[in-house]
Each structure stands twice: as structure tokens, then as C-alpha cells.
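There are structures below to look over.
Paired with subunit B in one complex and with subunit C in the other, subunit A is shared by the two complexes that follow.
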Partner chain A sequence: MKYVFQFGIVWDHLPQLLEGAWLTLRLSLGAFALGFAVAVMLAFLRTAGPRGVRTAIAAYVEIIRNTPFLVQLFIIYFSLPALGIRMEAITAALVGMSINFSGYATEILRSGIEAVPKSQIEAGHSLGFTRMEIFRHIVAFPALRTVYPALASQFVLLMLGSSVVAAISAEELTAVTNSLQSTTFRAFEFYFVATAMYLAMALGSRVLLNALYWFVFERRQPLREAWSR
Partner chain B sequence: MKRREMLIGTAIGGAAGVATLAAITQSNQAFAQTTPGAQPGAGGTLDRIIKEKKLRVTAEVTSPPFGILDKNNQPDGSEIATSRQLAKDLGVELELVQVTAPQRIPALLAGRADVAISSLSITFDRAKTVMFAPPHGALSIVIAGPKGKQIRNAEDMAGKKIGLTRATLEEATVPAIAPKSASLVMFDDIAATMQAMVSGQVDAAGMSAFAAKSVGDRNPKAEIENKFTVTTAYYAAAVRPGDFDLLQFLRTWVFLNKQKGVLAEIYQKYTQVALVDLPAM
Partner chain C sequence: MSRDFDWSAFLFLLGALRWTVVLSIIAFVGGGVGGLLLALMRTSPYRTLRWIASGYIGLLQGTPVLMQLFLAYYGLAVLTGLRIDPWPAVTLAFTLYAAAFLGEIWRGAIQAIPRQQWEAAAAIPLSPFAQLRHVILPQAMRIAIPPTVGFLVQLIKGTSIASIIGFVELTRAGQLIVNVTFQPMIVYPIIALLYFALCWPLSLLALRLERRIDAALGIGQPA
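Entry: the complex of A and B
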């Protein structure tokens, strides 16, 4: 068996591939922002809310984390229309990814919140802070810092997992690649380039997330500043 | 009970393993023997078939209604029935050579089978490597959709969402006739395309007439109907280049069975659709 690689055809279709990659990035960032916002609220209520709410959120997290993402997407895209909720493929993909990410992020944030020493929260109470104020001024920052690496990894997983939304016809990188390889019969070349693009996006976002970590947490570190004086 | 289930599980697992192994060795053979017409025999392939009393035909069993595995895991379907009829008319024993869809032509060229009867549509590309008999069946690609959608022809697809499955005949033909404003929505498998049509995520979808019928039958509430026919592909038996004796027999065979209504009968039985008029070749 001799296979002659023909990458020329891939370059001809590069604009389509880039468009797919751009949608992958947009979906991932959108789902990260929405999912994170939801997760912060849920994580707060999960640790500081009334018992009933805490149980409900725990159930939500377990359901999301213990069912396949593809099935969650199918429910949103194929089953909800029966209840009169109809979404475009891209909207359904964004909603599905956000919900999925919020489940994982809630659990990650919860572990961060629980890692904040109890004495600091008690100190907040003794200063007359409300629960909301304790969360905002005492818990949020160190909790986020503790779980930042886990969150960053989860973002990369979210981006790579977004390839699944091709199944509901959202034309992101994997869907575009599938279409191109099935019409050109150059499966190896197209999947190779798509893999390289995913790798570049994953490594690129890791670099950016590390830079963000430094910018937010390392740059103004009161302890280090105190020592270096 | 538990133990029995385990035993059955092991048996199934073992069988799957053996099948995989067999498939791997078979495909290796396909690549190993690249000489066309491996055993030419004294007077050509037809003579050899009659002498050995054995006809080897490709069997692709993952394409309902053409080729499937029945409840007992035996090959069945319209193309298998066609192969049985051919062996019967030749007065020889039938040996089915199981192949995957992409292997249909390689298995024939490698000499593992004498004839390929596996819903091979007649195309220029294939005609460059094998010789086709006259068609014995037809496969129509239709645009299907719920009753309420007004689509009578290709122009009516303007502004509508049309579901298609990647790497299929419909993907190769529908985009060419669809107006610019139609949005073509691609799915990876036919099941997803059907689901999108039934749940109303697309206005209509391109698929084979059989697929449209089966989705309509299973979802009577959706009131799926065929809007129009995009193209009709004819499929035929294929033989190795140079096997003119066998090809001539197949010509005669198709002629006679068309006349006797045997082909239409097989087609109707497996597809529940009437066979269209088959053009001569």
C-alpha cells in the first residue's frame, strides 16, 4: 500500500477550516463565560444556601457530570422541540456546552470555597459582614485562585469536547472537516490539519490562561510584596 | 442467572473477536492478491463456476434493505436474494463473501468473489475498474418532509432548511440543484437526519426513497411524504474486466428475470416500493 499525501487540497479549503475553528473558539468562550457565571451562583448557593437548594444543586451537578454530553445535546436539539422549545443548531450547541461546563465548574468552585479556612469566614461574621459580603470579599478570590488550574484545564476540555456538537449540525471545526473529507476523500490530510488546529488552540489558550493567572493573582501578591520590602 | 448472563456475554464477546479477526485476515487477503481473475481456469470464469458448481458473490450486510443480517445473523436483503436467484438460475451453489461497503470492488478485483452484487450504483469511476451488467434495481434520492411544507421542486427549497447526511449520494446530488438561499444542514448519520426532520429542526431532508418510507412508517404523526425525486441511481452486478463470458450470462439473466418479473418481485418484497422501469444497457 502506497499513499500519496496531497495537502494542496487542504490549503484550498483553508478558509472554511478557519471559519470552523473560529466557531469552535466562539462557542468555547461563550460557553465558558455563561457556564462560569452560572457556576459561581450555584457554587455560592451550594455552600451557603438553604438545605433544599443545596440538595437541588448537588443533584444538578451529579446529573450533568454522570450523563454523556452527546445525549445532553440530543435532548436539547431533538427532544425540546416536542415541548415547543426550538433552537438553531449553534444556539443549542452553546446552551448545551454552557450547561455541561456549569456542572463541572460548580463542583470545582465548591472545592475551592471549602478550602478557604473556616476561621476567615468566622472573622467575616464577627466584622458584621453579610453572607454575600463574606463571599465577595473574603471567599471568592482565594477560592478562585486555588481552583484556577483545574478551571483552566476544564476550559481546554470544553473546547476539545466541542467537537461533539458536529452531531447536531453546528458547523464548527470537526463538522467542517467531516464535510470536506467526505467530498474530497482526503480523510487523512484533513483530519491531520484539524488535529493540528485543535492542538494549536489548546496550547494557545493554556498560554493565555497562564498569563491571565499571573496578571490576576501573582502580580499583586500582598505576602510577596511584604517579604520583598 | 448471573453466571448464565456472563457465559452469554463471553460467548458474544468471543464471537465478536473471531469475527473481527476474520475480517482483518480477509481484508489482508484482499490486498495481498492483487492479480485480477486469480484463477482464470480453462475456459474463463463462467466455465469454472459451472465446473466447480460454486458461485462466489460479495455480500455487504450493513445496507438495509439491500443487505442485512437477519435475526439468526444470516445475510439477507434484496441483493442477497438476487444473488441466490442468480446461483439458482446457474444451477450452482452460492458462496457469500462478506465484505464492507468500501471493499465491494477490491474483493471482486482480488478474485475473492466472481461477481459483486452489493447495490453498486453504475458510475463512470467504477466503470473504469469493473464491468457492469445491465441494472437490476434502482435507488431514488428524494426530498422528503412533513405534509405541511410546500416543496414541489428544487426552486421551492429556497429559504428552507434541508437536512442531508455526509458521504452519501444525496450529499453528492442535492447541493448541485439547491438554490443559494436554501440552507443545507449536514448530519453524520442518517438516523440524525431523520430525527432532525421528525422533530422539525429542518423543513425537509434528502435521503433514499426507502429511508423516507421507513421514517414515515415509523412516525405516522409526522406525516412525512416525498416532495420530489432528485435523482435515480441504477445499480447492477459487476464483474472483473475481461470476464466477458460471465458478463454475457448476466445480460441474459437480467433480460429473462426482468421479463419474468422476478427482479420486480424481489425488489418489492424487500423495499415495499415498486421497481421503476429499468433501462436497457
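Entry: the complex of A and C
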């Protein structure tokens, strides 16, 4: 083995890599926010909506969860323009990630909602709450608490999975790494460092998400009251 | 001059679907062996073994599969000094990836078996290996089957990423067909449909198995 590792050149291009990583983070947070908002609506309708709506949402979730993210991305970026829906790579990446995340998050939220004891919902009915009020004041908080760990894991998966959007050349960390390695011929070094950056982002988000859990659910009273007000 | 998406193009896709299946099976079997080893290491009484296994699992679950694939591809090239074929890189990367996930799933299954089962087996007395072989693993396997089938779905979908380094499986075949037919509106939805046809029955199976086991263990009863 005559190969000599040269990490110096990676160091020279660190600003570009960091910029890519920053875009990865922004894409992931953006997709999380959008996908989560959609998922809350879908999960509500999936559990409390009319039968037809429930079936349609179940189908949506199954389609998302049983096809590869890469293919979903290709459909959004390459197939939709045939219908006149054209977007830039970065927008397509955000839309693809949001849709993909919403599928998983809907299923996660549904399981949380269904884990809330029926007696509590019946209590809400007997107090004359509407379905929306029951969801908002009785179901939402405990359900969110139940599924928080699953959602947090899904966020990390979303971020790691976002590397795939390099395939449609959205300039996030993986795509930046691809273009740097092809001009410097130091593929192994660049991928090694980029992988370490992903690992750092994954571990970092785990720590932050755990802290957030404690802040929202464990510290109890103040926030909880603020929520139900 | 472009061709239309015709019957022969569809057959080409079906032919490529075979490589998606082959790659998934190789990674699943290889990852199964590695995963069992990891699960045993994670639950062993030796701290060093536990650390090695959890380090490995944490590393592979904390980084993108695509990066692992690139590292395997270019890493092998660096080690051997030659430009290598995608095949060994792809099978290596997906096997290592599957091992990490299966190792974690099976660790959970082994740890779900109550301590008393070990103690009872030790009291008969069975050797530590026999305790594992005849008492713990048969029970752990039942718990492990649904999430294992679920992971198989994740693995099959994940192999689509191999297309990025030029390995011709279903997704790559789709890109090739699009390049000659210019009909992404037809081809990619068909690709998605083919994956769905492969994955959905497995997802349903996983769900059914899970419900059956939940019922047997008396959990998940409606409130």
C-alpha cells in the first residue's frame, strides 16, 4: 500500500465543507418544521377524520414509507416538470425531505394519539369539548411526550438521509464533498472528514433534543401550564 | 432520437429489480451474521466487547449510508491501489450497515428476555452457551422477527442509494431508461411502484407478526 493520506488539503477547503454542513442543517430543520406541521394535521385527520380521509392518509403514509427517498426525490425533481411543476434543486430537496418526513411523523404521531387512554377522551366529550378542543387540550401534550423519542430519532434519520439529495445536486455537505474530491483527487480524505461532520451533527442533535425533552416535559409545571392556557 | 418507454424497457427494469433483490439478500444474510455477533457482544459480560459493539453500532447509525458507501468505494480503492468495481464496495457497505441495525434490534430482543430465564437456565444447570442457545435465543427470536422484517424493508429501500456510485440496480436502471426515453413522468413512478410491490407486503407481514406477538404477550390491548 503506497497511498499517503493527505488531510491538509481538506483543511484548506474546510470553509466550503462547513457551508455545506450549514445547508444540511438548515434543510433538515426546515423539512422537520414543514413535515411536522403537515404530520400533525394528517395525524389528527387520520384518527378523527371521516373514513374516506382516513383511508387516503393511510395510503399516503404507506406509499411514503415503502418507496425509497431517492426515488421520491427523482419524481419531484425530474418527473413533476412534465406537469409544469418546476423547482430548483434546493427547493426540490426541501419539498422531498418534508414530504418524506411527514409520512413517518404521521405514523409516529398516530401511535402516540392512540396510546392516550380512551377514558380521557370520553371525559372531554362529557365536558362538551369539540373534537378539536379534545385534541388540543387533552390528547396533544401526552401524545407528543409519548412519541418524542421516536420523533427525535426520526429527525436524526432525516438529517443523515439528507445526504442523498446530493444526487439532484443540492449543494449540501455531501454534494460539496463530491465536487471537492473530484477536483482534488483526495476522495478518501474528504469523505472521511465529511462523515465525521455528519457524526458530529448527529450526536450534537441528540444532545440538544434530549435537553429539549427535559426542558419541555421534565421541568414540568411552568411550560405545561403555558401550553394548556 | 429517443425511444418510447415500451415493453422491452419494462423488462429491463424487471431485470434490474433482480439486482436490488440480490444485493438486499446478500447484505441481509451477511449483516445477519455480523448482527448476531454484535448483539451477543453487546449483551456479553465483558465490558470491552460491549464497548466495541456499541461503538460500531453508534458509528454506523450516526453517519449517512451514502457516506459509508463512498468510504467503502474509495477506501477499498486506496487499500488495493486499483480503481475497483462497484460490486464489492456496495456489498461490503450494505453488509456493514445491516449488521449495525440488526445488531441493535437483536440486542433489544435479547435484553427483553427476563433475567430469571437466564437464572433458571443456569440453575438446571446449563452452560452459558447452552443457556443462550436453548433458552434465550429461541424466545428472543420471536420478539425480534417483526422489527427484523421491518428493517428488511429499510434495507431494500436503502439499496437504491447504490445507484449513486453507478451500481445498476432498479433505481440506476430507471435513470438509464429515462436517459434514452426522456419520459421521467412514466419511468420514475413505475420504479416507485416496483419498490412498493416489493416492500409493502413485507411491511404488512411485519405489522401482522407484531400484533400476533403483542397479543401473545398480552400487550397493546385496547384501553
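As a working rule, the second predicted complex is superposed on the first by the 220 of 229 C-alpha atoms of A that agree within 3 Å, B and C clash if a C-alpha of one lies under 4 Å from a C-alpha of the other, contacts with A are read in each partner's own complex, and residues count from 1 in each chain.
Here is the rule we go by: a residue touches a chain if its C-beta (ideal position, glycine included) is under 8 Å from a C-beta of that chain, and two chains touch if they have at least 3 such contacts.
Keep in mind that what you see is a predicted model, and the values were worked out from it rather than measured.
Chemist: A:T195 contacts which: subunit B (first), subunit C (second), both, neither?
Modeler: second
Chemist: Looking at subunit A, which partner touches more of its residues: subunit C or subunit B?
Modeler: C
Chemist: State whether A:A167 touches subunit B only (first), subunit C only (second), both chains, or neither.
Modeler: Both partners, subunit B and subunit C.
Chemist: Please work out whether A:A82 is in contact with subunit B alone, subunit C alone, both, or neither, and reply first, second, both or neither.
Modeler: A:A82 contacts both subunit B and subunit C.
Chemist: Tell me the contact category for A:A175 with respect to subunit B and subunit C: first, second, both or neither.
Modeler: It touches subunit B, and subunit C stays clear.
Chemist: Applying the touch criterion given at the start, work out whether A:S119 contacts subunit B, subunit C, both or neither, answering first, second, both or neither.
Modeler: Once the two structures are laid over each other on A, A:S119 reaches subunit C alone.
Chemist: Share the list of subunit A residues that count as touching for subunit B in one structure and for subunit C in the other.
Modeler: Residues 1, 74, 78-79, 81-82, 166-167 of subunit A touch both subunit B and subunit C.
Chemist: Mind listing the subunit A positions that touch subunit B in their complex?
Modeler: 1, 74, 77-79, 81-82, 86, 89, 166-169, 171, 175, 178-179, 182-183
Chemist: Which of the residues in subunit A come into contact with subunit C in the complex?
Modeler: 1-3, 62-63, 65-72, 74-75, 78-79, 81-83, 117-119, 156, 160-164, 166-167, 174, 181, 187-188, 191-192, 194-195, 198-199, 202-203
Chemist: Across the complex, what residues on subunit C touch subunit A?
Modeler: Going through subunit C, the ones touching subunit A are 59, 62-68, 70-71, 74-75, 77-79, 81, 153, 157-158, 160-161, 163-164, 171, 174-175, 178, 184-185, 188-189, 191-192, 195-196, 199-200, 203, 222-223.
Chemist: What part of subunit B is in contact with subunit A in the complex they form?
Modeler: Residue list for subunit B touching subunit A: 31, 163, 166-167, 171-172, 185-188, 192, 195-196, 199-201.
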